[in-house]
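Order as written gives the chain letters A, B, C, D, E and F; numbering starts at 1 within each chain.
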Amino acid sequence: MMKTIGILKESNGVSVVTLTPFNVEKLKELCTVMVETEAGHQAGFSDEAYAMAGATIISDREQLVNDADILLTHSATVDLSGNKKRKVVIGSHNILDDYSRILSFQDPLVDLYSLTLLPRTTKAQSMDVLSSMAAMSGYQAVLYGLNKLGTIAPMMSSAGGTLQPAKVLVLGAGVAGLQAIATAKRLGAIVHAFDVRKQTKSEVESLGASFIEIVGAKEDEASGGYAIEQDEDFTTKVQESIATFSKEANLIITTARIPGKPAPKLITKKMVDDMQLGSVIVDLAADTGGNCAYTENQKEHQLENVLIIGNSSVFNTVATSTSILLGNNYFTFVKYLMSKNQMETPDEILDGTRITANGKVVNERVIAEINTY
Amino acid sequence: MMKTIGILKESNGVSVVTLTPFNVEKLKELCTVMVETEAGHQAGFSDEAYAMAGATIISDREQLVNDADILLTHSATVDLSGNKKRKVVIGSHNILDDYSRILSFQDPLVDLYSLTLLPRTTKAQSMDVLSSMAAMSGYQAVLYGLNKLGTIAPMMSSAGGTLQPAKVLVLGAGVAGLQAIATAKRLGAIVHAFDVRKQTKSEVESLGASFIEIVGAKEDEASGGYAIEQDEDFTTKVQESIATFSKEANLIITTARIPGKPAPKLITKKMVDDMQLGSVIVDLAADTGGNCAYTENQKEHQLENVLIIGNSSVFNTVATSTSILLGNNYFTFVKYLMSKNQMETPDEILDGTRITANGKVVNERVIAEINTY
Amino acid sequence: MILGGNIGILAAAFSFIVGMMMLGSPDKAARGNRLLVLGMILALASTILVQSATHVEVPWLGIGVILAIVVIGTVIGRQVSYKFELTKMPELVSLFNGFGGAAAGLIGIVGLYTEESSGDMMSTLILSISVFLGFMTFSGSYIAFLKLGGKYKMRIPNNRSLTVFTLAISMLIIGLLLTHIDAELFIPTLLSLVVLSLLNGVFFASSIGGGDMPILISVLNGFTGALTAIAGVYFGSTIMILAGVFVTATGVILTFQMCKAMNTTLQKVLVGSTHFFAGGAESQGYEEIKETTSTKVATDLVLTKKVVIVPGFGLAVAKAQKACRELKNKLKQADIELKFVIHPVAGRMPGHMNVLLAEAGIEYSDILDLENGNEYLEEADLCLVIGANDVVNISAENDESSTIHGMPIVQTYKAKKVVVIKRSLSAGYAGIKNPLFEMENTDLL
Amino acid sequence: MILGGNIGILAAAFSFIVGMMMLGSPDKAARGNRLLVLGMILALASTILVQSATHVEVPWLGIGVILAIVVIGTVIGRQVSYKFELTKMPELVSLFNGFGGAAAGLIGIVGLYTEESSGDMMSTLILSISVFLGFMTFSGSYIAFLKLGGKYKMRIPNNRSLTVFTLAISMLIIGLLLTHIDAELFIPTLLSLVVLSLLNGVFFASSIGGGDMPILISVLNGFTGALTAIAGVYFGSTIMILAGVFVTATGVILTFQMCKAMNTTLQKVLVGSTHFFAGGAESQGYEEIKETTSTKVATDLVLTKKVVIVPGFGLAVAKAQKACRELKNKLKQADIELKFVIHPVAGRMPGHMNVLLAEAGIEYSDILDLENGNEYLEEADLCLVIGANDVVNISAENDESSTIHGMPIVQTYKAKKVVVIKRSLSAGYAGIKNPLFEMENTDLL
Amino acid sequence: MLDTFILTPLDGAYVILLCILIGIVIIKNVPAVLHTPLMSGANAISGIIIIGGAIQLMHEPIHFNMSTIISALGVFIGTINVSGGFFVTHRMLKMFNQKKRKA
Amino acid sequence: MLDTFILTPLDGAYVILLCILIGIVIIKNVPAVLHTPLMSGANAISGIIIIGGAIQLMHEPIHFNMSTIISALGVFIGTINVSGGFFVTHRMLKMFNQKKRKA
């Protein structure tokens, strides 16, 4: 019998969707696809589009949850109390930072997978939702930030005088940071960037931005491409170096994070107070505490001089593009899962992302994380 | 005795300011400058900055209005009922489209100048507020529109699939339109543009966009660089040609206008209904009726598929940059006015912009316009 | 008649010079080649004329034989040259060069044999050098031919010492010949000289790195020229001297040009394999890397219809996007299609390559995604991989144990020819070896 | 001694050839010039040696006189060449070329005088041609010299017919000389030939457009070469023949090269002023437009330290921004500073030029606004105005009646030299004439 | 004085040296694409060695003995070099020109 | 056979034609910046005409008559051409090299 895939509508201001009609079209030969009413609407995909692609539109969420063998929900919590069927739930939950997210899925009939824990190998990249979200966030952070800015990005010589280019500072040059750099450069801004990982220097420079070099950072080969926490001395040094740039910056985009740890504080209150009137900070690390001392998650607040936007999910405002990427990620993962389901051999990708099996936490990283508390 | 210049705070959501502290700095040797409290705040210029530049901050608006020899207000109406002093009022009022704007300034002691009526000669360009506003609007329309769009502008090949570049359609390739084209191109969008003036073709193409060629437009050499109204046949032809592009467009920026006439309707309701889910129209011609049949001035309304933004003053959201340009424009005009004040020789620039002298309407274009009613 | 012949020879000399000049500029090259043919015909005809005139009796039989041989040789030369694919042209050149060497060697043998009795030292010296250089060029060219085709797998240890050794012995034998050895020893001595020359060519050519083959051919071509010139002195043929000198001069300069284009020096090529890859290759466990040169790539580019560029992170680092743009423009003029295939994870951020190509002003229509790109690659003649590594790593397809197994890749191997442009053989982001580099149709630049 | 002299002459010939070869590649040019000097010294010394050897008695006095003259001439040549500014080099070349012509003419006169008695027709012909070409080159070069410096204002009507006329009469006179005229008529005839030659040179040079002067100089240079060669035949001097032939050949090719670089043909230059500006200029009321050539601009660029580009709408239309970028890179290598000055209203929208320059990857620090730009221009050696017109229109500053009077402009005239690059003399957006084009230090390309 | 037009006896040296110089100059500025055709052309020219063979064959009456055969063989493979070289050059250049013409 | 090494009597023609060819090839691919120095160099070489004057001056014993003076004048201004030409070339090239060295 064909498996049933259920696509849930997200909640809590999340406007992306886990599979797009294009993905559904390709899946329909392998399984039955059910889509909750209006699941894709905010991402620019109408129910008709899903229906055309071969999905069934279901308005009763409970029924959908119950009937599905594979349930896809990006980050919504699901009421599984009435569940009577063995199933796999796939999503992208910030579990290392917020363990409580597991709880609602702890049902003996449920296996929970979270793509946020995907190993960062070249092979897994096509399922890497973090990269997709980060890329979109990086782009949109610039657009959003510039929109809030009173000045324009490029230099402009005109009869009314010469407008100087905006200065943009990007902290953390991972996926999001690089995308932010590229976007700001495209618009003609002067971009400076900093990251603790040395290799990012060439990456930053390949995009035409200047890299702020600060020696003495610790790196760990074993962290799988991620940065690790730095000691206090170094952090102070970083803050001092960055202060000279933040004072001049019109827009700061911060993206620095360390998995499972609070985001490093790179911008102190003093540094913010010294900034120019009208400048803007977009803090993409807000959900793990933010890189700026003033950041509050999911809030925009206007200080005297500076507008601080704490938002780790700006990608929600480019929901269509993000959903196309995420849809492909989930699609690839689902196909991978289905192809491997039979055999019980160890698999880096599945083992890495499986949080609970039959309701029990089995993920090594999660267990390690829990134990440290 | 030195003349006194008064800078008023704008109202009605206008966040620009008529002179910046840089301008004040340069003016202070020629005249005394008074600035209304918080006049520049929204544009990113604090009262302190003005004070530092040598201006007096005045909180009593009535006093300021009364004391000034030259009163600067971009578009705010002013209560002149208590006025006892001969004065010049300089602003930028949309008089050809809205004659009523004159009324509040009709005081026998007042000469009113409106820079919107500046002749479009090469020499007057440094006072050309319309160009400044249009340039900023064109830039910001793209940023604003893209922000509302669910998709990103550039093409992006990533592990999660290839995102196609956004398609942007720009109607009217004047100052605002060209700026919109340049900005959208910078961000990697595919841009098509149309204008009735033939010469714009080379201008559009010089920015790397494609020009939609439709033959049969009327042009008038005498219109001073402006377009003239077209007959209905041609308009229908235009609508048909544009329809093929609007169907595919993600973002449409319309800027087509004809001075003193309602904006040409280039996008019919049918065309809007045929557009893609999630697309956006930014209508910069909204204040003269809009280029799109659905447009409502100063409103954003979401139709089923399309978000329509009718806003002719998006430049207010890049108030700092706009104010720098406008400030220089006003500054140049004030200096020009002061240098010519003595002599009563005819002067193209002053005669062209003087609306009322001693409370009487003296401007030829305005009189001509009034007579056609 | 002699005057006519001499004028013919003068004309031939100028045809050669002007022809070569024309060969040097793209739009006149074809006419230049025709002029060269004319020169060759003139030279032969004039020589026959002059020779006939100096003989008491016109040697009709000899002339007949010559003409017959020439006709047959021409036909066969044509056959051979049309039997190979266009991409094999450099191989062919080296093959033909070998033939020229062999011809000189054979003619030298006859000369030595004839002169044996006369015992003119100078002539003997010239002729034995001719024999040595001729056969040495022959075998050397043949090895180059094999190496270029990737068919030469033999590894001879101590090539270089053997080269020197055979050279030394050959010199000894030549010395022997000069001392008027016994008539009965003459033939064996001659034969051993031939054998040693052949061996010398083999050792010499083997000692030179695969990537330097074009330089080797050019050097050998210079040798042929030199030996033609000295043979000309022996035969008293002005045109042989001139053409020989001329070929030598062009050969020498071309050699230096090529060295320059390949960023190496002749010394390095001949003496030590100081080439980038040679050192790195072994330490990184690569074998059978074929190196190529910008000369060769440029030639290949011109002989293609459809070219693909696969950009990677290295392109971004080297900021080579504008150069790609220029290449695009040039190829467009020559009506060659150039497309860019962007792998989803090329570079270090999503859309990295898009940003670069947009900056360089590449049209969206010239950018293909992985799927269309892989389709297009089937028709592509040449694929340039610029600073990419992981995204073209075939172990993702055929090595189950690879950490990137299962990742879709740009299937560059589908193209008729692949050239990988990067600084070294070091690995990409994923840190693994790339077997693509070892493939038959892949060259490294 | 004769052998030594001959070897010296051979060496001189090679010094010339190799020296010229080296002059043709930027990094060896300086050494090439030194080689040429060496060649000249060798040639002179060897000739004196050979001549001395062929005389019964060594003509010490003659040698002394020659050496004295040569030393003085060398010193004066040096003086003259260092008196002019570097930007005047092309003028100087034409001046010196004239000297060469005059020298040939004078030597020809003496020869004719000497040969008169001998009455050798061939020699007379050669020598009278020598006289004609020599003096014609002299006056022609001098006119070119004046024109290049902008000092030649005379307008001779019917230049071309006068050229042909004087040429014809000169030919007649030469014919006369060949027929062994009376001894008393000899001197007047000779003098009239000299005068006619001079006039011919003047007419010929005047008939050629100001922009084509470099081509004219090159043509005249070729003439000097040719006359040197034929004089060499008369004097029996191999080195004169060789050097003459060689100079002629280089002159001819250089002429064609320059024509190509200027997008014209020799025929057009010599026969009809089909140049762009020539026609348009009058109809649009411009006078005194100095045209220039890419050759000259390129030379000028190399001789500068600070260059400014003023871009305008034409740059946008021609999409020349990338070319600017390349120029920037090249100049940077030569340590020449290139800045862009953006006028507030350049182009057709605010920031038009910024967009283009950003696209071309020009750094913000290399972009100056009007104020800083005008300051910088005071130190600039060369200002290239590319597709801009109104924004550099000086009538905004000095013509009260102009519609753009009072608009601040880019004060290009402050630069030592201005080159305007646009398609024609047509007006810009404001539709008015630009007096900048008529200024002394402004050339049009 | 005209009789001096005949150049000095050092002419042979002139000619050879000039040939070398020309060879050098011609090649110096050739674009890399043409390296291979040029090499091929030069290679074909060097097949001029067949003239030596031809002289040998004409020198003595043909006996069809060993030396004649070897000479003939020399001329034969030399001719292959010449003709093959020219044809190869021709083919390479044809590709070139086709492209040009189409463009 | 070696005695035939002396080339044919057409050598004069060879030499002149080769000179022309070399002249052509040398100039063909020269970058535009070098046009002026090259012209100047060639111009200086053409001042070799002074050799003619020198021969005249050495031919007959010096009388300081008209022809001697004219010849001397010829040599004099010819020398100015030569030396001036070389110095101009030198100056132009010096600029060049200074730039190079600094860069």
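Convention: contacts are C-beta pairs under 8 Å (C-beta built on N, C-alpha and C of every residue); 3 or more make two chains touch, one makes a residue touch a chain.
The shown structure was predicted, so the numbers you read here are calculated from the model rather than taken from an experiment.
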If every step must land on a chain the current one touches, say how few steps get you from chain A to chain E.
2
Going by average Cα coordinates, which chain is farthest removed from chain E?
B
When the contacting C-beta pairs are counted for C-F and for D-F, which pair yields the higher total?
D-F
What's the call on chain E versus chain F, same or different interface residues, using the half cut on shared numbers?
same
Most remote chain w.r.t. Chain C, using mean C-alpha positions, is B
Using Cα averages as centroids, what's the distance between chain A and chain D in whole Å?
67
Whole-Å distance, C-alpha centre of chain A to that of chain B, is 39
Where in chain E do residues touch two or more other chains at once?
5, 7, 14-15, 18-19, 21-22, 24-26, 28-29
For chain D, what residues touch not just one other chain but two or more?
17, 21, 25, 234-235, 237, 241, 344-345, 350-351, 355, 358-359, 361
So chain A residues touching two or more other chains come to 125-126, 131-132, 135, 154, 156, 158-161, 163, 186, 188, 208, 325
With touch defined as at the start, can you tell me which chain F residues reach chain C in the complex?
1-5, 7-8, 10, 13-14, 17-18, 21, 24-25, 28
Please give the residue numbers of chain A that touch chain C in the complex, ascending.
121-123, 125-126, 131-132, 135, 138, 175, 178-179, 182, 185-186, 202-203, 205-208, 325
Can you check the complex and tell me which residues of chain E touch chain C?
15-16, 19-24, 26-59, 61-62, 66-67, 70-97, 99-100, 102-103
In their complex, what parts of chain C are in touch with chain A?
313, 316-317, 319, 344-345, 347-352, 355-356, 358-359, 390, 396, 403-408, 429-430
Residue positions on chain A within touch of chain B in the complex are 43-46, 125-126, 128, 131-132, 135-136, 139-140, 143-144, 146-147, 149-152, 154, 156, 158-161, 163, 183, 186-188, 277-278, 317-321, 324-326, 328-329
